[in-house]
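In what follows, chain A forms one complex with chain B and a second complex with chain C.
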Partner chain A sequence: MSLRFNRRSLMRGLLGGAGVCVGLPALDTFLNGNGTAYAEGAKLPTRFGTYFWGLGLTDTPTGGTRWVPKTTGAGYEITPELASLKSVKDKVSVFSGFRVIGDGRPNLVHWSGHASILTGIAPAGSTKFDGPTFDTKIADAIGGGTRFKVLDVDASVSRKPVSYSTRTGNSFATSETTPLALYERIFGEGFQDPNSDNWKPDPSIMLRQSVLSAITEQRQSLMANVGKADQVKLDQYFTSLREMENQLAIGLQKPEKCEACVVPPPPKEPHRSASVDVVNANTKAMAKMLAMAMACNQTKVFNFVHTAGSSETYIAGDSKIYHQITHDEPTDAKLGYQPMTSKIAGMVMQAFGDFLVEMDAIKEGDGTLLDHSLIMGFSDTGYAKIHAIENIPMFLAGGANGKHKAGQHIAAKGESVTRISLTAQQLVGAPVGEFGAGGMKTSRPITEVMA
Partner chain B sequence: MATKAGLVCATLAITALLGAATFTTTTPSPVWAQASTPLAPVKVGVRRITETQYRHTIADVFGADIKINARFEPEKREDGLLAVGSSHLSLTASGFEQYFALASSISEQALAEPRRATTVTCAPKDVRKTDEACARQFVGRYGQQLFRRPLSEAETAARLKTASVGTQQSGDFYAGIKLALTSLLMDPDFVFRMETAEADPANPRAYRLDGYSKASRISYLLWDTTPDAELLAAASSGDIHTSAGLHKQLDRLVASPRFEDGARAFFADMLQLDGFDNLIKDPATYPKFNQAIADSAKEQTLKTTIDLLVSKKRDYRDLFSSNETFINRYLASVYKVPYSSSNEWAPYTFSESSERAGILTQVSFLSLFAHPAGSSPTRRGVKVHEIFMCEPTPEPPADVDFSKVQDSSKGTVRGRLLDHMENTGCTACHRRSDPPGLALEHFDGLGQLRTMENGARIDVSADLDGKKFEGAQGLAKYLRDDPKIPACLVRNVYAYGVGRPTDERDEDYIADQTAAFASSGYVLPSLMAQIASSPEFFKPVIPRLASPSAAAKPL
Partner chain C sequence: MRYSTGTAIAAFVLAAAFPAAASAEWTKTWVVEWNEPAMYYGAKSGVIDPGTDCPKGTNPDIDWVQIMVNAGYTREEATWLRNPANPTRSPVHGQNQMAFRGKDRANVYINPTSTPDPGLTPVSGTTGEGVDLDGNTKNGFTGLGGEKGIDNNFYRTLGCWKTYRGPQRLSSGALQFNDAMRNGSWTTVIVATGKGADPMNDKDVKVGFYMSADKIVKDGNGGVALDYTFRIKPDAKYEALYTARTQNGVIASTAPSDVMLRDPSYSQDLDLLRARISLKMKPDGSLQGYVGGYRAWAPVYKGWVDARGPVIEALTWVQLPGVYYALQRNADFSPTGPAGEKTHISYAMRVDALPAFVMTPDGGKQVTEIASYKASAPPPSKPSATTFTVIDGLVPDRNAKVQAGPTAIILPPTVAPTSAGQ
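Moving on to the complex of A and B:
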């Protein structure tokens, strides 16, 4: 064994045997000259998230729009409904003119749009998706090594927790629905402060592992003589069990220090209301929590829902909900668009802007958390008044660790939304060459935004 | 050093390996391949247990005072019922975390002093050491209650191993069996109700539901909980397969006060009262609304329903017309009636002038099916059809021409809906969906009586299928006389019990059962026992088996 003490062996000694901190990795001396990677060559990990909001953005019957920039390529101009993206616009690509191609399947209102974007398949019915959503593939590809393979969050204060992430098409993820619940999930029991100096492995973890191994041992006999549909359910159960085992295994490793990780104080429970001011406040609070979860090496993948497909949000005190307004409000003859609808769309988009700003506020390495992430923002419809599944607004935000040539506007003429889904998967390094079915099957990512 | 270098890179790889661990399953025997060999058992249903089933089961097995503090996985309504949706649900990763913490907390409580003495009926020879006989007795007893069937030797052995590891590490027998219990509580055989079909001895080429699966079906239908010892004994002895044995159990279950739990769970599902868990109202519009009102509204409807249909065994259709109900202090403020009782709840009968009639005019229905800051005739109408008449409304067309539908900030909402009714794309559905809701428009989004909206008088006349009626009381009379109402209840009880929606093959059965329901005078307990005693209730639907290669595929 060599006793030579060099930079390489120091690196090994310090980083060996423990989790590589994905938040802010140790000191700059461990980073290469640009601060983009460990000196050893390991890149800062890429994070991925989806951000969904309901009811699209506003078009006008005459063909105009309140959101699509006139210019394409880099340096697009900020339109009224994109105002909230102004401060991060160079880190956000805008995609317009992409559509769902249903191959004769009906347009299931407030369902077909995001189902197609996420699964690549126009759904046959409006209670389930016809395949797994691609975020689960990304989580499988890059979500390891942290306590949570993925965190699902829903800010909408809906009647039921909203999630569009599914492995089976039937069982959707269970979202955290309040900032406090999200806080407790991340920083409550089981959280190990990576910056704590007196870490000790918790001996109860091994006992809990033995609880699960008794179940895993029975898997074979359990899966025998099971119908296909039931097998899918049991597979999902065992996937969840393995994620739990993974969580326990990580709990036995000493976490690497993370400079950017500052455990936030527990948030106050907000007033329960689906009004847009409350949902936006939730979004901001939850974005802070999610960003810190990534900075503290707790997860690398998330799914975020601002409002559901048929959004129930409204302006406090108004007897009509946003959804109803998008349908009922007449187009103003002078303005050429629905003024109230467009106003609320802008408020809804404010939350997306705020969300990205929170991600951008965390410094790591030579840039920010947003620079090392890719967030796909999207909605269920284009022009909500007519349930359009053409021109669905979609965004890719964040640098994806230098892979995303951000800050562009890509205008398509009726191409499939799945091209953007495929692009997102490839930008974060999921091993996918093709995505979607039928008319939405594609192997062509949008190379203009790929570095 | 080399080892450490390996670890640097291995950190992420370890979890990647865990994530990619592959499992194989044994090849399922080709169950129908050869007529001469007996049919191998096959699992015909895997249903995730609901929150109330979980709670009732834990209370029955360990005691009603065990605290259950967890967020349960959201349920999913399909064909009108969560019970049908539960056949399609699994456990997500975050749900697994929740259930795991809950299972640990339950075993902790079950084995804490002083309850330990009742939970564990044997004593270990040495409390610091493994005692296999006592552990085996413990695992066998709770395994049977939680899995709703006896455990296989392999299932028992796996738990004995967990218990032994735990005892060795902690030097405490009870710490070991606590882990074994947590493992039982996390097992798919507890979290899901697994139903098994076996060869029918009377016809070896046909399947029948096995005795334990039958016991579970009737127990969850009638009591909303795991089968009790007597029911399991009837399954074990085979008595449950005989007509006399089955009827004996059904009579016992229906006559028990616990039947109320079963009926409550059924109506909470059918009436979609789970919507109250997260119901929100705009505080500026409905300052009175809060969680206490929501909880009270749900409870009022359940209390009314159980009192009328179970305690008093009244005609099911009276649910739509009877004004006998219960209120509490919170609800009295919404109904704007005095509350003078010193009890938490008091019986109350609405007067004729209250405009109320039956459960459709209770706060529960009126507030659940409305907007956060307003009423919604369409939502209410859609739900009257869906819940009580089993007539789901199709999805609205995507390309509606809304150009005629204009702003309705003036006048009543009726004007806007009449525009819908005249629109060719909308008329077919809205002509059916809206009238019941329009008749209920004298009640705002919280269920408070009103006669004016935006300064205009509210017209509550309605016309459905050529029959004209006026207001909530007119609607109640219309519904009480509609034959679709009892037929829909029959359909719902059956679908709820078997965990799948009815289809055209069930039509004759539903018609026969509806006729029998009518001749019983539309009495609910008789209906439930009658359905649970019919052969169709236990008829297994044999699934297409998963192919062995698919089963062995890494996930």
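Moving on to the complex of A and C:
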């Protein structure tokens, strides 16, 4: 028997004189027999996230490294500072030898690296970026249809919240900075369990929508009685209202059931400290929630900060912070690298590995959440001792719904970091043909990792 | 203001020394791809190991808790100040209270004599790099080639300090600043011309160091690319002209010059009196050697203070007052004569340069003569703005509830029993 409704069908009605739309009641048939797509053919959504940590990984001034695999292509070997990626190695591509090309702009320490990766432009000043970050373009392209177009998360316990996501270059997104705050944001007010049998539209949202609709209905008469400049202002105003209405409307739709969605219990607030053990615990807890937020279809895009460019993390009990150690620790003559720096870099990378494992632990359809996601991991610097913006460690993790030929090491010789940024955008389906400016402008994605 | 007067005088002197000359018989041009203080490293391996220069190795890390206790803080306070979890310790700008360890808790960065000389172990070896500035072969170091009389008291004074010590191109300071230069922060080009037939042996040579606005270009391996083209950018401040000769490919000054170069350091200005060069033209076309001269030592100290005293002290394992005392102690030149105050110290910079094309400022032709471009330069620009303001060696945290200072209460009420406010 053929169904009269598909998953996009809405029931329409009136509330307080304003129209509302309500999604279909619960339907059991969401996925096709193979688990690769919804029954009517729509693919499981591709999610995208950025994962940032400060202070790079350990290189040496004589060209040695603690993180770059010797082999290139598929089957790269696990190096000491990539140990945490071992269990997900085949789902992670490693990129080495890429750099920021500043076209004469100074290297603004702990700023130029990630600003260039995210915007494609070497920044002129170290308080703002010179363009929007590309995650916002991806959010525009794939982030619709969920409660949160993007979620910004900061696990660093820094003195000030950290975010590197911006639409203007001047103001940055507001991050959730504790596991509890993130939990409340995702699963608190406004969250509708997609698997609940008792779902009903949130009356407060309905009320808010009806109020907004009433305002919208007056638009034409108002517009007719104001000058051109005010018309432009009103138009901008009503446009933003419409976007808000659209977002609210999602709360009126019966969400799709998500087999992987299990609402976790609220976390306890950890001890507030920037020590690496606390930051890593934060990362793990927040990764679980973020993973569930995506599994529950609350968002498709996120930005995650483990530690800021000028990282404040340290090993509890030490008098030196990691940042200071990267600068003041001499290279050990016998080992050929900075041992303490490398040790802490490994601890910092453990968080990235744990983050990916959490994503990979969520079974979804024929694979895992990680298989249906693309996560770009990156830092602000290469050899942190001198604030190098060459050989900045970058990773693409996850299968991007079959688009990413993961598990490779791509070694470049001084090519622009923007090639990886462009690759990430294209892998998740953002309509972007080129990225960056000046010496970092590129229309060449890294095709070796594209299926 | 001193610079404007000095610049005007220098321009007059240079105009006399470098009149508009007919094109030379030969011209060679380079771009500086590395420059660093000439600090001979006497160890066989590593970057801090004991060596003939510093038998105990690089000056060691410092117990800052003890330093603060010695300055009158309680151990509890000193330990608190060094704890990364302390909210008044900025991960970027350090612990500002570190400054206030002089007499009556004076700021030792701007008042270094408010604390006794903590000492700074100098170089004790006899080998050094640079040039003979005073013509006296009985003083100074012995050069790498056995030459006597190498004057480099800067090296003698600071050569065991971690920021300067290390094999060529591997000291942390050299790495940091050269990386910035190679990423486009500044470009220095070198032009040499001669009137003789043999560039390798010519008695009439002139050399110019100029700035270029064209950025250094890197090749695919991350090294500086050869044979790129750079236009001279007239600079009112940074320019160095020398009269010289060549012998077996070594360009050596025949007379001292007063010059100003772009320094690979926080202070940026390398103002050298009685400067001399010793640069070898190598068979592969590159240029390697030294620029020596006497530099004022007070700006060197101030440069380190302005780079944020507590950050520099913690990162480079030094007590800045010790640097002040040591530079003062080893200064060896007075511009006003032998009896004058020794405000300058002998110094040498090691220079590596690669073949490049150097053009006139308008880019119209290759440079074929050495001349001063200062007259056509715009006024010196202000140093590029930083994102933080350094006051007396510190970056005040305007949002902090507790400010560092002589009367700061160190321990928070929950930690402090009765000793708070000492």
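Observations on the model:
Everything that follows uses one rule, which is that the second predicted complex is superposed on the first by the 379 of 451 C-alpha atoms of A that agree within 3 Å, B and C clash if a C-alpha of one lies under 4 Å from a C-alpha of the other, contacts with A are read in each partner's own complex, and residues count from 1 in each chain.
Note that a contact is a pair of C-beta atoms (placed from the backbone, for glycine too) under 8 Å apart; a residue touches a chain by one contact, two chains touch by 3 or more.
Nothing here was measured: the structure is a model prediction, and the numbers come from that model.
Touch criterion met: A:R185 reaches chain B, while chain C stays clear of it. Of the two partner chains placed by superposition, only chain C is touched by A:R99; chain B is not. Of the two partner chains placed by the overlay, chain B and chain C both lie in contact with A:I321. Partner contacting the larger number of chain A residues, of chain B and chain C: B. When the two complexes are overlaid on their common chain A, residue A:A173 makes contact with chain B while staying clear of chain C.
When the shared chain is aligned, chain B comes close enough to touch A:Q253, but chain C does not. In the overlay built on the shared chain, the residue A:R159 is in contact with chain B and with chain C.
Using the contact criterion defined above for the overlaid structures, shared-chain residue A:A274 touches chain B and also reaches chain C.
After overlaying the two complexes on the shared chain, residue contacts for A:A224 are found with chain B alone; chain C is out of touch. In the superposed pair of complexes, A:G145 makes contact with chain B only, with no contact to chain C. Shared interface residues of chain A (contacting chain B in one complex, chain C in the other): 106-108, 126-127, 159, 273-275, 312, 314, 318-321, 324, 327-328, 330, 385-387, 389. The residues of chain A lying in touch with chain C in their complex are 61-62, 99, 102-108, 125-127, 159, 273-275, 310-312, 314, 318-321, 323-324, 327-328, 330-333, 385-390, 413-414. Residues of chain B that touch chain A in their complex: 1, 4-5, 7-8, 11-12, 14-16, 18-19, 21, 23-26, 28-29, 31, 40-46, 48, 71, 73-74, 76, 78, 88-98, 100-101, 104, 152, 154-155, 158-159, 161-162, 165-166, 169-170, 175, 179-180, 182-183, 186-189, 191-192, 275, 278-280, 282-285, 371-374, 395-396, 398-400, 402-403, 405-409, 416, 542-546, 550-551, 555.
Those residues of chain C that touch chain A in the shared complex are 45-49, 58, 61, 64-65, 82-85, 87, 90-92, 162, 169-170, 172, 175-176, 179-180, 183-185, 215, 218-222, 314-317, 384-385, 387. Interface residues of chain A facing chain B in the complex, by the touch rule stated above, are 1-2, 9, 11-13, 15-20, 40, 106-109, 126-128, 140, 144-145, 148-150, 152, 157-161, 168, 170-176, 181, 185, 189, 203, 206-208, 210-215, 217-247, 249-250, 253, 271-275, 312, 314, 316-321, 324, 327-330, 385-387, 389.
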